[in-house]
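These notes open a run of structures that come right after.
In what follows, chain A forms one complex with chain B and a second complex with chain C.
And then the complex of A and B:
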């Protein structure tokens, strides 16, 4: 990497020797003494608690909602339904022009997954809110549901989300993301072996030890301070601003220490409704997921189905790779269209393959909406790709690491999405890995370099 | 809801509060006694983030009624490392990079303290057993186990 040493030259010290030095974490003294303040460590007088009434069905029309009994329950201050939310339909990435808005803050006509928020109950204690929530009567007309990405894409499948006809996300490139490079037909025609395998994964819950939540305090003058454990402060601020139809300067987001997140706290789910509750009651409001909600309601890593077809030569050269990837977004987009798109860019792997054809679909089903989790879109892809690489090596009777040396990209190689490779160090990393793990590879692989392709 | 008086020693200080009957020790400490060091991660006795020491025994404060602690001596992480000197487990976790988000750390510290109070020279297996009720989702258990063992070594050096 070229360092731009002219930038801030007068402010920069060149005698930095950080590598190999231990530096204490700045937040560790607070952690070990129990003094670190997480959002729920603040106390507020007259604090109210919000509990959500959730759909018990995977897919259902809402015929009617009766909150009268809940409103009479001792301790209940306010019951919120869809009509209380100024802009009830949203999507998180609309801020970066990824639309359409496809998810309701509180469901009004229909629920599309089991656990979807329908009514918010605000009461003087958690217990009162919970008891009152149980008294809300929602009349559902249960609809058939779809839980499999391939079934969801079949003609005549149950329609999950009215904003996504056909149950797929519509990119500007069409119903899927594509990468086209070389001539895939010619690649497979010349291959000595072709291996097609299907890989699939389940949703994975991030399970942070601190559950998702926020506490909102009205500051007077129609301003609100929201103490939250979000991992995405400005997504939260801007989405809350859109949903509540309030200018951002009236919303003061206070983040800070997050008690684990792993991507699970990137969505904007608890803050807008809690701010609305604080606005409508004039009192501080706490909305914190129970452990059960965290495990069942918060968006997990998407389930994926990945079909990889590779053409390989007897000498170990990958000559063709065709991948079809399906990302199960669940009922709403959240971050999944982006995850599926990342997959498209990632499926060639860190390998130079001359003929590549990739299609990735973001598919809607009646499952819990999936979203961000540590490298979403590429983590399962890597699992599938590397298992596939091992299988390919076995197929041609080659050592799996040597097989990777042959195909690893080098400086100057053109990637499938037409970005030339620069600053590669994969060969050197694998050489070091071979050394430290005592994995024997032939000398010719130890003589390779990422700087040049040897033949 | 009826409020009941409860008195106990919290980190060496006599404390008396009125709490709603049925209040957990976790809520009493955090909401009325101003000790935020025990954390509520699951409220069902599985994550260990709320661990405190009651009369010398490690307890899950989310499953302990405040009323049942009448007259007890309760220790929490907030009571350790006063006057700027860290308790050895705290120091070892700090030095050993055994904390990331920090949410499980106070519970881990108490689990380790309960172990070292009873077993000053634990084996690695003793440490694993002692913290087995405490879930950590980011640091990973190896640095924590190593930190507890390091704290035990520093204790025995100081004692020697």
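And then the complex of A and C:
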């Protein structure tokens, strides 16, 4: 890596003692010698193991659950069903008034995705828990399912869950989050060319080295310590408190050193049920995803479908940009309504476009619930936006990098979601990229600055 | 049939933080009797190096060497509230909280030293090596070690500070979408060079030239580790990763790292990384959040380079050999240059 100190040198103090210094990481020796303690490195006497019975169907009513054979299995200490969970429906951001609660901890009446948790088995060994889980009998009435975001939005589509009529998140703005800036019709009317393209993606797994999990130990005083690899300690504490109807002071979360998250550990999935199991058995309980569960059950990055319609002038100016985005939330919200909203604010990208019209939808389907991942709400948008920019440049016969210079946002420009641009540096990044890759651009672009509208 | 070369570019920006319900983090700092400093957080280190960068922010602010600062992460009994480690918010939000807590602790430390030296606290400065001295008169000084001893055993004071950083909640306007879901923006521009085998559809990313603007590189080596890892992840997203290869069909999803494809050591692109610094107005020492941004621009840059190489557009991620071959076949059949 090379620092390019000549850019913005007058905005920076470079005489600090510790900031700007490449100090070695204090935890690196522990990591590379295997001495760092992760949550699963702790051992507890009488530790129990929790395994989940999961729906084999994408969408089904539950007619009955029979746990009698599982309970008789050697080593099984307790079998948990929905009736054991004090407040069995939750959503992660309810504490900051983002609702409705839409997801069960353990399903009782219905499952809405393949892999949804139905019964938790707690036993003296992982093997016993696994074997007993296989003996739980769930009688399902399989229902038709919907997997495609556009099909899910059609009238009469299969209803994914009862909390989101129409299969979309109900924003205060209606069935989508909208951004309106300028006059989109006038923009398209003046454009020399109009280009509409559709982009899509499939879900992506965060793939952390350490799988999601926790170990819960009763403290002996009606308090429970939960050793967890969550990315957000208080999301976990607050949600566990609501789900278990336990005051927060009964809960103690310990974590902090995590073997990769990439957004996959922002959800609150394993801790509440493990705390409940520890409470009901009086013993420490471990609930750790296998790699297969991490790949199949944990929330992936949402699949998206993005339609971009642009109006562009022969001289390279973007004059209109209309974007419709669909985020596949899967069966429940988790963090997806925020991801779709963040996406709405991200368009039209780092460019100054006078007329912008954005609609983003958070859509429910019978698929694995998606949630946060590195670049949440933005990664697929950037893919779509920047491939579109390449197509537009070629459409008008312009160099793709020079086309971006013409449209790049600069300090003071108003963005479509009505925040004035400050601290812009796109132009300088492109200038440096042109230099280091020997990508020829006209001198006038190398004379531009993010700080001024001149040049 | 041939190996075709292509080059593509992409430029992006990326927001810092997640301002859905307000975006708060808090920090507490206190000194030990021997002049070391303890930072209590309930923030999580995901392996990106949060603890190290927080210790540097605290050390710079108080005026001590980094090794004198210990970070205690993520215990809800001992640490104050933190929203969490996500949304590129760690260095910015938590760093601001640590900065404020350290400023308060520094002020108490200087007051204690002032009493020992019989001067005004406002006349004192630190040398960054563990000493406090009178401005313009470095011979009149006291070590931070002795200052902390005096605070604990003589003056009966706690050298400590409270820090909190809160971005107020933004409520989007229903009709215009006016909102502030994040704060300062990081930037990037990437040029990717690829080779495409038009017989097999396989893509090799030969090189990526990554230019990132990160606000301020608080610890350049750690910035580098994150940017290089992110660049790899971007290439991985572009060409390899999917939990459902036939989305939205759920079948054939991966169950382990043999079935969930990512590039291995032999697939690494030659990676060059250049960093610009335009300090943010609201970040600790100007830092922005580059953690997520660094994995995004490679995806479209690679897609655009593939078009440059073989003349087909793949608008569906990931860009697999199968999709490229289908597009090449369609192009050969119709002369059309685009497909799904």
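Definition applied: the second predicted complex is superposed on the first by the 435 of 455 C-alpha atoms of A that agree within 3 Å, B and C clash if a C-alpha of one lies under 4 Å from a C-alpha of the other, contacts with A are read in each partner's own complex, and residues count from 1 in each chain.
The rule is simple: contacts are C-beta pairs under 8 Å (C-beta built on N, C-alpha and C of every residue); 3 or more make two chains touch, one makes a residue touch a chain.
Worth saying up front: this structure is predicted, and the values here are computed from it rather than measured.
Enquirer: May I ask you to name which of chain B and chain C touches more residues of chain A?
Expert: Between chain B and chain C, C touches the greater number of residues in chain A.
Enquirer: Tell me which partner A:235 touches in the superposition: chain B (first), chain C (second), both or neither.
Expert: A:235 sits against chain C, while chain B stays out of touch.
Enquirer: Is A:207 contacted by the first partner chain B, the second partner chain C, both or neither?
Expert: Both partners, chain B and chain C.
Enquirer: Examine A:259 and indicate which partner it touches, taking first as chain B and second as chain C; both and neither are also allowed.
Expert: After superposition on chain A, A:259 lies in contact with both partners, chain B and chain C.
Enquirer: Scan A:416 for contacts with chain B and chain C and give back first, second, both or neither.
Expert: second
Enquirer: Under the stated touch criterion, which partner chain does A:20 make contact with: chain B (first), chain C (second), both, or neither?
Expert: Second partner only, chain C.
Enquirer: Considering only touches as defined above, state whether A:44 meets chain B (first), chain C (second), both or neither.
Expert: Neither partner.
Enquirer: Applying the touch criterion given at the start, work out whether A:436 contacts chain B, chain C, both or neither, answering first, second, both or neither.
Expert: second
Enquirer: Once chain A of both complexes is superposed, is A:291 in touch with chain B (first), chain C (second), both, or neither?
Expert: So A:291 meets both chain B and chain C here.
Enquirer: For A:140, using the defined touch cut-off, is the partner it touches chain B, chain C, both, or neither? Pick first, second, both or neither.
Expert: In the superposition, A:140 touches no partner, neither chain B nor chain C.
Enquirer: Show me the chain A residues, by the header's touch rule, that chain B contacts in one structure and chain C contacts in the other.
Expert: On chain A, the overlap between the chain B and chain C contacts is residues 22, 24-25, 27, 31, 207, 257-262, 291.
Enquirer: Under the definition above, what is the set of chain B residues touching chain A in their complex?
Expert: For this pair, the touching residues of chain B are 30-31, 35-44, 46-47, 49, 76-78, 80-81, 86, 89-91, 93-94, 97, 99, 101-106, 109, 135-138.
Enquirer: In the complex of these two chains, what residues of chain A are touching chain C?
Expert: 1-5, 7-8, 11-12, 16-27, 31, 58, 93, 95-98, 114, 147-148, 171-174, 177-181, 197-205, 207, 230-235, 237, 251-263, 265-266, 291-292, 295-296, 300, 303, 328, 338, 341-342, 344-346, 349-350, 358, 365, 367-368, 372, 374-376, 378-380, 382-387, 389-391, 400-401, 404, 408-409, 416-419, 422-426, 428-430, 432-433, 436-437, 439, 450
Enquirer: Could you list, by residue number, the parts of chain A that touch chain B in their complex?
Expert: 22, 24-25, 27-38, 40-41, 43, 206-211, 257-262, 290-291
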